[in-house]
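Both complexes shown next keep chain A, but they swap its partner, so chain B is in the first and chain C is in the second.
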Partner chain A sequence: MFSKFKQILSLELQDLNEYKGDLFIYTFTPFILTLVLMVVWLSVLDFSSGNNAEKSYIVSYFFFQLIVARLVGAWHAPYLGEKIRQGDVSKYLLKPASFIWYDIAENIVEKIWKITFSLPLYIIIGYFLRRNLFISWENILPFLVSLIGAMIIYFLIEHLIGLSAFWLSETGAIDSYNEVFFFITSGKLFPLSYVTKLIPLGVINILPYKYMLGFPLDVLLGKTTGQTLWSDFGMQFVWVVGLILLYKVVWSKGLQKYGGYGG
Partner chain B sequence: MKKYIRLYYYLFYYSLLSRLEYRMDFIANIIRSLSSILVGFIGFTVIFQNTRYLGGWSKEEALVLFGIFVLINEFWYIFFFLNLIRLPIYIQKGELDGLLLKPVSIQFIVSFRYALVFALPNIFIAIFMIWYFSQVIGQISLMKYVITGLFILNGVVLLYSMTLMLVTISFWTVRLKAFWEFYRAITEGARYPVDIFKGGLKLFFTFVIPIAVIFTFPAQFLVRDLPISTILITFLIGGIFLFLSHKFFYFGLKHYNSASS
Partner chain C sequence: MSIIEVNHLKKYYRVHKKTEGFKGSIMSVFNRKYYDVKAVNDVSFQIEEGELVGFIGPNGAGKTTTLKCLSGLLYPSEGKVSVLGYTPNERKHEYLKKIALVMGQKNQLWWDLPAIESFNLNKILYEVPESHYKKTLGELVELLNVQDTLNIQVRKLSLGQRMKCELIAALIHSPKVLFLDEPTIGLDVVMQQNLRQFIKGYNRKYKATIILTSHYMQDVEELCKRVIVINNGLILYDGPLEDIIKKYATHKLVSVIFHAHVSKEKLAELGEVKEYNFPKATLSIPLDKSNMVAVKLLQDFPTSDLNIEEENINDIIAEFFKKS
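And now, the complex of A and B:
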């Protein structure tokens, strides 16, 4: 299995060279959005009971969000939907590895590319913010585990949205709903500890989005420890298993529905 | 002038019709543009649950600004986005030839050919937001709303001029996706009061990329006040940019070599 996967990876890497220009842009613009959010939340602290620990938390939260969001991200739903609608799935069905592995390989290669090319920016921004940056070293192992969980959940949700093209001619609306929930309950726009006055913690804890971004970040920064750490891990695990099962069902049902028109 | 208004009416009507043909797609796209307002609104709600002032702006003031941000941005999307994004394609494929032959101004047809109709509901929401939250702040005279309207128009003109200049560069280079992503990222910061930025960043957003002039000043005028000199300078900048972009577009056009037969 692994040698096949390695082969797919190297093919994807060659593909990538073709649209380097686009990737270059997609690599750098998210920095602006996240840094603006950092400025916004720092200015919120200026007027409320902002203390230095809180300030460091905000700076570190958004700085590491730049990296973690890169690592967990997936964006292939529109392309996958297009492949299904165009009948390109047939092509993959004949290949030796299962369809999903091609998207996984592409995802990994693009992430490696983006991270590598962002490295200079991470270093420069990190240097400017160095006085306020911290991580919780004893949490590094749980962080890595939560990061892998986040990657799997993010990828599978994106993949499932793409697979909905088996039934729907237009997946944009689902994508938008997903995005709204993601922005609000994942910790993308604000650390989740700030949102609980609006949305009860119970709701955030049940939805998958927290486990895609906010949870790994708060583990890294030592905000999530002890009892909560374990219950969050439990919930993340439930989502990982649930989504894998859902994927299996949706994929096989989808294939039954799939007509496979075209060459 | 009358000819152009009539022509635009027809162009807009056909954009709407051609989109309505795919009903599900139409609805999905409207949901998509509504959701961006929803996320923005919730974002502000959460911010103001944690502070009373953002860069010196109260919640209502910031929401008036957000309404103005949405309004200017959506106007730009409705009228110009689909058109400006196509200019590099026209050039690349030599389609500009056909447009040059049409008996109207080439800048008009390049700028106004298609309309992005999905953003229309957002316009009404934005106007409602501006009206509602400015009423919460205090009684505001009709005159002030009218001048704010002019400010908003000026903002749309500025945004159009800046982006027209950006795409005009594609007469010399081919790829231009970079600028769109960059534009999107920059305006992302424009929904917040420019006062949250400090030092160099504030100067950057006021003078280099004038998001303060486009978005913050109109809101500031409506909910507080602006010195008369600032008002005049804002409109002057709008006029200058429009003139420069017009000149630059025709300068770029001179460099156009047809790519088709």
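And now, the complex of A and C:
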């Protein structure tokens, strides 16, 4: 099994090299938004009075968000949708390997590529912010676990949106709803501890988006500890299992609908 | 039990009615109307091990749809399909390792990579032992004469070069059952012949069971003893190709070369003039009269050469489609 996956990985890596140009652009755009958000929050919260702990939290939060968002990201829904519509899924279906592994391989390869090419920028930005950067070292292990959970949830939601192309002629609409919810409830725009006045915490805790970004970040920064850590892990686990089950059902129902277009 | 068994297979595609214009598309948002395209509508046949069967029919007849059901890409709407004892749409890996579907109209190779990468992937996915892989690949590459194209990106290959690579990719794992959907499409005459030769050889050598569709009747004539004719999702005929030819070849082609000019009107009295470019003429003559016309041409006309040929197989099949 592993040798099969390794071969798929190597193929996806070579394929990726064909799109270096596009990837280069995609690699650097997210920096802008996140750094702007950092500056906006720093000025809104006004730390001139000298609440340094809070200031460091904001700086660290957005700095590490740059890295974590990259590690958990997935963006293949439109491509997957197109493969289904054009009947290009057929070539994968004919082979004795599950279709999802190709997208997993592609996702991993692209992440490694993007992280590698962003590394100099991380180092430069990190150097400038070094006085305000911290992480909670005792939370490193829980952070890594939550990061893997976040990757799985993110990937599966993106994958499910792509699979909706079995029924819908457009995945774009669902995708944009997903994006809006992600922006508001994941901790992308603001640390989640700041928004409980806007959106009830209950809603944020139930939706999957928190477990895709804000949760691992707050574990890394030591904001989430003790009882909350366990209950958040529980909820993340529920989402992982739930989405895997949902994926299985959707995939098998989708195949029954598949028209195998073309040829 | 036969290698391939298809019992009352039906495949309906559900499509929604597209209404024209702006108003129509607004209406259809609220009131979508569906109807079924009956692509395959009750098809049954059996195929034994080692048979090479031609699957023919006009555009939209349901050939590709049937092959997709056989290879597990599509779920049948009704009926039962069994290949090598497996139910194709379960897509058991064990099953997929024993079959291959080649589609002349659909690329299955990695578009941006050289074909050899797709072959290597297949080697691992189909768990082909290294030694076996080397041997098979070597043979195929030599037979199809593609040594120079293996390391070029697939998107840069010509249609024929790509087709050959598609075929290699499909055969790396030595499938026992092979579905070939228009494998000779777009190939030049020499390549078509090579490919036919190759398919014939593969069938013999591996006792492989093959279903072949093609719009080139020469393919079918040369390769397939048995043909299944399908139209509008229904089987019209299943049996030896010769029987169709016997039944529907109603004319013979008589071609003559004259050494002096003959008026077209005079020729037309003998039968339908298919072609007349002095000194060469071709006449289509009903079977029972062909001998008589030949004699007449030799005796009463300035004929220097005469030839009686079978009617073109394309015409025979066209006649058959028309009549049924």
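One rule holds in what follows: the second predicted complex is superposed on the first by the 258 of 263 C-alpha atoms of A that agree within 3 Å, B and C clash if a C-alpha of one lies under 4 Å from a C-alpha of the other, contacts with A are read in each partner's own complex, and residues count from 1 in each chain.
Just so it is clear, a contact is a pair of C-beta atoms (placed from the backbone, for glycine too) under 8 Å apart; a residue touches a chain by one contact, two chains touch by 3 or more.
If you're wondering where the values come from, they're calculated on a predicted model, not measured in any experiment.
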Chain B and chain C placed together on chain A: clash or fit? fit
Note, angle between chain B and chain C viewed from the Cα centre of chain A, nearest 10 degrees, works out at 90
Once the structures are superposed on A, label A:Val44 by its partner contacts, choosing first (chain B), second (chain C), both or neither.
first
- prompt: After superposition on the shared chain, which partner residues are touched by A:Val195: those of chain B (first), chain C (second), both, or neither?
  reply: first
Q. Which partner does A:Gln227 reach: the first (chain B), the second (chain C), both, or neither?
A. neither
Just checking: does A:Tyr258 make contact with chain B only, chain C only, both, or neither of them? Give me first, second, both or neither. second
Between chain B and chain C, the one with more contact residues on chain A is chain B
> Looking at the overlay, does A:Glu179 come into contact with chain B only (first), chain C only (second), both, or neither?
Replying inline: first
| said: Touch test for A:Lys95: chain B only (first), chain C only (second), both, or neither? | reply: second
Ask   = Taking the superposition as given, does A:Leu33 touch the first partner, chain B, the second, chain C, both, or neither?
value = first
Taking every C-alpha pair between chain B and chain C in the superposed model, the minimum, in Å, is 6
Given the complex, residues on chain C that touch chain A span 13, 64, 68, 71-75, 89, 91, 93-94, 96-97, 100-101, 103-108, 110, 112-113, 117, 120-122, 124-126, 181
Chain A residues touching chain C in their complex are 3-4, 7-8, 11, 14-15, 18, 87, 90-91, 93-97, 255-256, 258-260, 262-263
Interface with chain B, chain A side, in the complex: residues 21-22, 24-26, 29-30, 32-33, 36, 39-41, 43-45, 47-48, 169-170, 172-173, 175-177, 179-180, 183-184, 189-190, 194-195, 197-198
Seen from chain B, its contact residues with chain A in the complex are 22, 24-25, 27-29, 31-32, 35, 38-39, 42-43, 45-47, 49-55, 175, 177-178, 181-182, 184-186, 188-189, 192, 196-197, 201
